[in-house]
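Consider the two complexes below, in which subunit A is the common component and subunit B and subunit C are the respective partners.
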Partner chain A sequence: MKKLTLMAVAVLALSGVLHLASVQLDRAGGATDGNTFYFYNWGDYIDPELLEKFEEETGYRVVYETFDSNEAMYTKVQQGGTAYDLVIPSEYMIDRMIQEDMLMELDHSRIEGMDNLVKDFLDQPFDPGNRYSIPYFWGTLGIVYNETLIDGESLDSWDDLWSPALKESVMLIDGAREVMGLSLQSLGYSLNSTNDQALQEAADKLDGLVPSVKAIVADEIKTYMIQEEASVAVTFSGEAADMMWENEKLHYVLPEEGSNLWFDNMVIPKTAQNPDAAYAFINFMLEPENAAQNADYIGYSTPNEAAMELLPEETISDEQFYPSEETMDRLEVYENLGPEYLGIYNDLFLEFKIQRN
Partner chain B sequence: MMEKRSFKWANLYLVFVFLLLYAPIAYLIYYSFNAGGTMNSFTGFTWEHYQAVFEDTRLIRIALDTLKLALSSALAATIIGTFGAIGIYYVKKRRTRNTLLSFNNILLVSPDVIIGASLLILFTMVGFQLGFTSVFLAHIAFSIPIVVLMVLPRLQEMNDSMVTAARDLGANSFQVLSRIILPSITPGILAGYFMAFTYSLDDFAVTFFVTGGGFSTLSVEIYSRARQGVSLEINALSTILFLFALGLVVGYYFIQQGLEKNKRKRTAVKDPTNHEKAVSPR
Partner chain C sequence: MTKKPKVFLFVPYLLWLALFVIIPLFLILYQSFFDIHGQFTFGNIVEYFTSGTYLSMTLSSFFYAFLITLVTLVISYPAAYLLTRLKRKQLWMLLLILPTWINVLLKAYAFIGIFSQSGSVNDFLAFIGVGRQQILFTDASFLLVATYIEIPFMLLPIYNAIEEIHPSYVSASRDLGASQWETFRRVIFPLSLSGVRSGVQAVFIPSLSLFMLTRLIAGNRVITLGTAIEQHFLVTQNWGMGSTIGVVLIIIMVLIMLLTGERKKGAAK
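Right, the complex of A and B next:
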């Protein structure tokens, strides 16, 4: 009994010491109550130096947490046990969160620097008038290829993916909207099509893609492409920028039929404890030099026009990441199709996936 | 001759299985020293990934939190679980006892995901903020059945006549518990504590569901980092964790050895009925 009590006390003392140590670490970071800013973002989606700069400038202390999918983020925010002050979801998820009344309406009088943003990226169908969200990054869906394994000249449209030369070499991103969308666009339909016949045609066309597909994967595409285990991949422009940073033989192509235009926007959930800090952060990110620094670090395309002027010339002139206006016109934003058509997209994509095995 | 040969085969098989089990870990540790920055090829030796781990205050904070959580939740679970085991042991009706034990075992074999999801639903329903406390409670919850399972066999091994004798000689319930029952099940309690500790330390699924509010544990953190492409910092961290676990196993071995030795000494000296010990006034 004595021995057991002694051990229990020792364990308690040890946990006490550990607790003090971690509190001490927090203190060193400058934490006090009321000035903590909970920031919930995609993994590796901001330059850490900016977080430090924000802490220095405003006195808030940032608690940075990450998620790896919109759905995971949605679940965490929706179940309510969390107190995130700022979240960065993608556009279709913003649409859904607005509809479910999960977001705080923004007070535009407290936001400075809205006019720095590209007008075309404001007032999008998922959030008319930007009442709930402010653009953070944007991008497209396209094709990455390795110049040593594939002749890049022969690859400038979605249709080229069906080429017999690409047998067993294409990696697709695991997303129903993305894969169905590229098939729809290769046929000249909108990627928001709710025409049953068009959808069936697209699904039939996808059957022909089966021999070309090497794998249907998600985040792993990045590693595979860098390590040259596949020659072609369909992925998002931001991911592509990361890969090209690691492996110079990779190139990104924005297909000529058009593509998806996606946004990741800053929103304040209704459960936020510290909206002041969230506004401070939005304003901080709208400042051109901060947006430019972030875009330079992450490699995604910034929606901040003033920031674009601060970026290196070669970045801005890269048509694949900052496409010309003509190309921009052919880009489409995902619309919320409602559960019925979402289900149809998912089913058709699933049929395609099953065939592969 | 025949016998000798089969013996050799068995050895070979054993070596093969262990190689298979440890090869991935060895591979991971090997590359944690790679200067190349990826797991593609080994280009040179470096400590820089370990340095990066120790410079990352967020990671160190999480490591401290994880340890604190494991130590304290295992303690709470051990206390509750030990009394639970004693309770189950003293249930008179055989059928009730078996039912209770089965309920305990069901919790042990049910998938972590289900436990995690149901705890998340529970916490949300009662409006509980997710954070350290929610993870702490969850870890206690899934550790208790393990402790019960580790303590119960020791109770069954215990000499019941000692308890009867103590009562006979006027010991009250607390004295029986502290002088007879607890000393004889100490090895089981320690084993339960260590099991609960390791379970808490490496749990991912349950923790993943109930973390929030800035609190995170190492396994959850490693998972979210690995999703973004494996950096060798994770290898370094995993190596440290592996060595820590190795240390735990060795430490447990020595504690167990010490207890066995003590026990043998005691039983050798004292009379076989242990009467003296049971009633020795102090």
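Right, the complex of A and C next:
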């Protein structure tokens, strides 16, 4: 009994000391003064040198935290108790956050450099007039393949995924909108279709894809493709850029039927403590040199026209990452379908997943 | 002991129980009666029992949980029995329990490395001339990893149950002329059943709703109810349907507890 009491006391004392230490560390970091900029971003989604440069130029101290999914970010911001000054969600999440009144309306007179952005990427349906968000990166959904593993099979369209030659070799991303969307587009429908008959047709067509599918996974696709676990994968352009950096046999194709066009935009949550810092950061990222440096480091496509001129010629001329206007016309942005149709998409996708057993 | 201090000692436990067990259970039940528009409805439960998708998902969850439990039991029982007969039991036990100190996700990622096309298992298969095989994303690999993770939870209760059997029972049985096999069948096995029961509960119930492993190791080839719950809470925001699945799972678990529960309380003590 004496031993037990002693141990309990030791545990309590230890946790007390650790707690004090963490409080002390927070303070030493200056986390309590108004000079701090809380930045909540996707993992590995900014050149760390830019953060240092921002600190030097503006005098703000950056606290950088990361998330791995829009949903995780949403839950954390919505629960409150956080003081992120700037967050970078994707377009459908921005739509939802606007509807739920979670974002601060931007004062455009305080933002410099909007003219640097590609006009086509502004005034999108998820945020008309860019009242709440400023583009950070953009990209597409497409097919990554390993040239040595597909035996000269040509892959130009979503339809090619149904080819019998790809038996058990395709990795799909675990997302209802993405997988249903590619089936819809291969049939010539919009990936935002709310036509029940079109959706059923797309679901029926997906049944035929079952033999080709090797696995339905998420972020792990990157590792698997680099390690050559699978020969083909459906993934986002940014992820693809990362993979191609690691493994030179990989190539990215933007399917000819069209694809999804996605955006990650900068927004200021209503819970922000230091909007001034957020505006300073938005302006900093809109500067062409900074946007170019970031795009060069991360490998995603920048929406900053002035920055594109600063990037190497071979990057900009890559049709798969900076597609021609003609291809751009076939790209569609996910619209918020409302809970009912989101449910239908997910149920159809779940049915597809179950069939694989 | 007098009665008063006993009641007093129960207060923190009861508070905990109410706050973190009973209230959440009622919240889940309450939530399951609402549709996506916040209207009161019985539609979720009706949909669950009329939709082929949810029923087949329930069946497959059951089937895999059953397989996992069976395999862990077949491995753990003899292992636990042997352990009680060994010298340095504590050391061996420690070695078997050690894997539980490592986070489940970390273990899953380690298995991805081991099973992948360029992993050590395939390196070995290629070396002995069998050639590389697809190991990841198969039922077998899912079963193996799930079993590996669950084994300590089956092994411990069985080991404790066998360890608690007083040696005099075994001596008495041998003295009365029972063979070693008969002693095991009529004395040790019946007395260790309480451990088997808690082991089965500890393994079967979590196995019903495994969901990270189904994606990481089985590439979503195995779909359990956990997958659907995750989707309803995170993606579709249909908390009503997610809660309904949760309620069904809870009912199934209660049934299993009742079926495997001890009939005579404290019989094994």
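Simple rule for what comes next: the second predicted complex is superposed on the first by the 322 of 357 C-alpha atoms of A that agree within 3 Å, B and C clash if a C-alpha of one lies under 4 Å from a C-alpha of the other, contacts with A are read in each partner's own complex, and residues count from 1 in each chain.
Everything that follows uses one rule, which is that a residue touches a chain if its C-beta (ideal position, glycine included) is under 8 Å from a C-beta of that chain, and two chains touch if they have at least 3 such contacts.
Since the structure is predicted, the reported quantities are computational estimates derived from the model, not experimental observations.
Contacts of A:S22 after superposition on the shared chain: subunit B is touched, whereas subunit C is not.
Contacts of A:E49 after superposition on the shared chain: neither subunit B nor subunit C is touched.
For subunit A, the partner touching the most residues, choosing from subunit B and subunit C, is B. In the superposed model, A:E340 lies in contact with subunit C only, and not with subunit B.
In the superposition on chain A, A:D207 makes contact with neither subunit B nor subunit C.
Once the two complexes are overlaid on the shared chain, A:V217 sits against subunit C while remaining clear of subunit B. In the superposed model, A:Q227 lies in contact with both subunit B and subunit C.
Of the two partner chains, subunit B is the only one that A:A8 touches; subunit C does not reach it.
Once the two complexes are overlaid on the shared chain, A:D174 sits against subunit C while remaining clear of subunit B.
Shared contact residues on subunit A (touching subunit B in one structure, subunit C in the other): 223, 227.
If you check the complex, the residues on subunit A that touch subunit B are 1, 3-4, 7-8, 11-12, 14-15, 18-19, 21-22, 25-26, 28-29, 36, 38, 43-44, 63-68, 76, 79-83, 219, 222-223, 226-227. Within the complex formed with subunit A, the residues of subunit B that make contact are 38, 40, 57-58, 60-61, 64-65, 67-68, 71-72, 74-75, 79, 120, 123-124, 127-130, 134, 178-179, 182-183, 186, 189-190, 212-214, 216, 224-225, 227-230.
Contacts from subunit A toward subunit C in the complex involve residues 69, 71, 168, 171, 174, 176, 214-218, 220, 223-224, 227-229, 339-340, 342-343, 346-347, 350-351, 353-354, 356-357. By the touch criterion given at the top, residues 36-37, 53, 56-57, 60, 112, 116-118, 134, 136-137, 215-216, 218-223, 227-228, 231, 234-238, 241 of subunit C touch subunit A in their complex.
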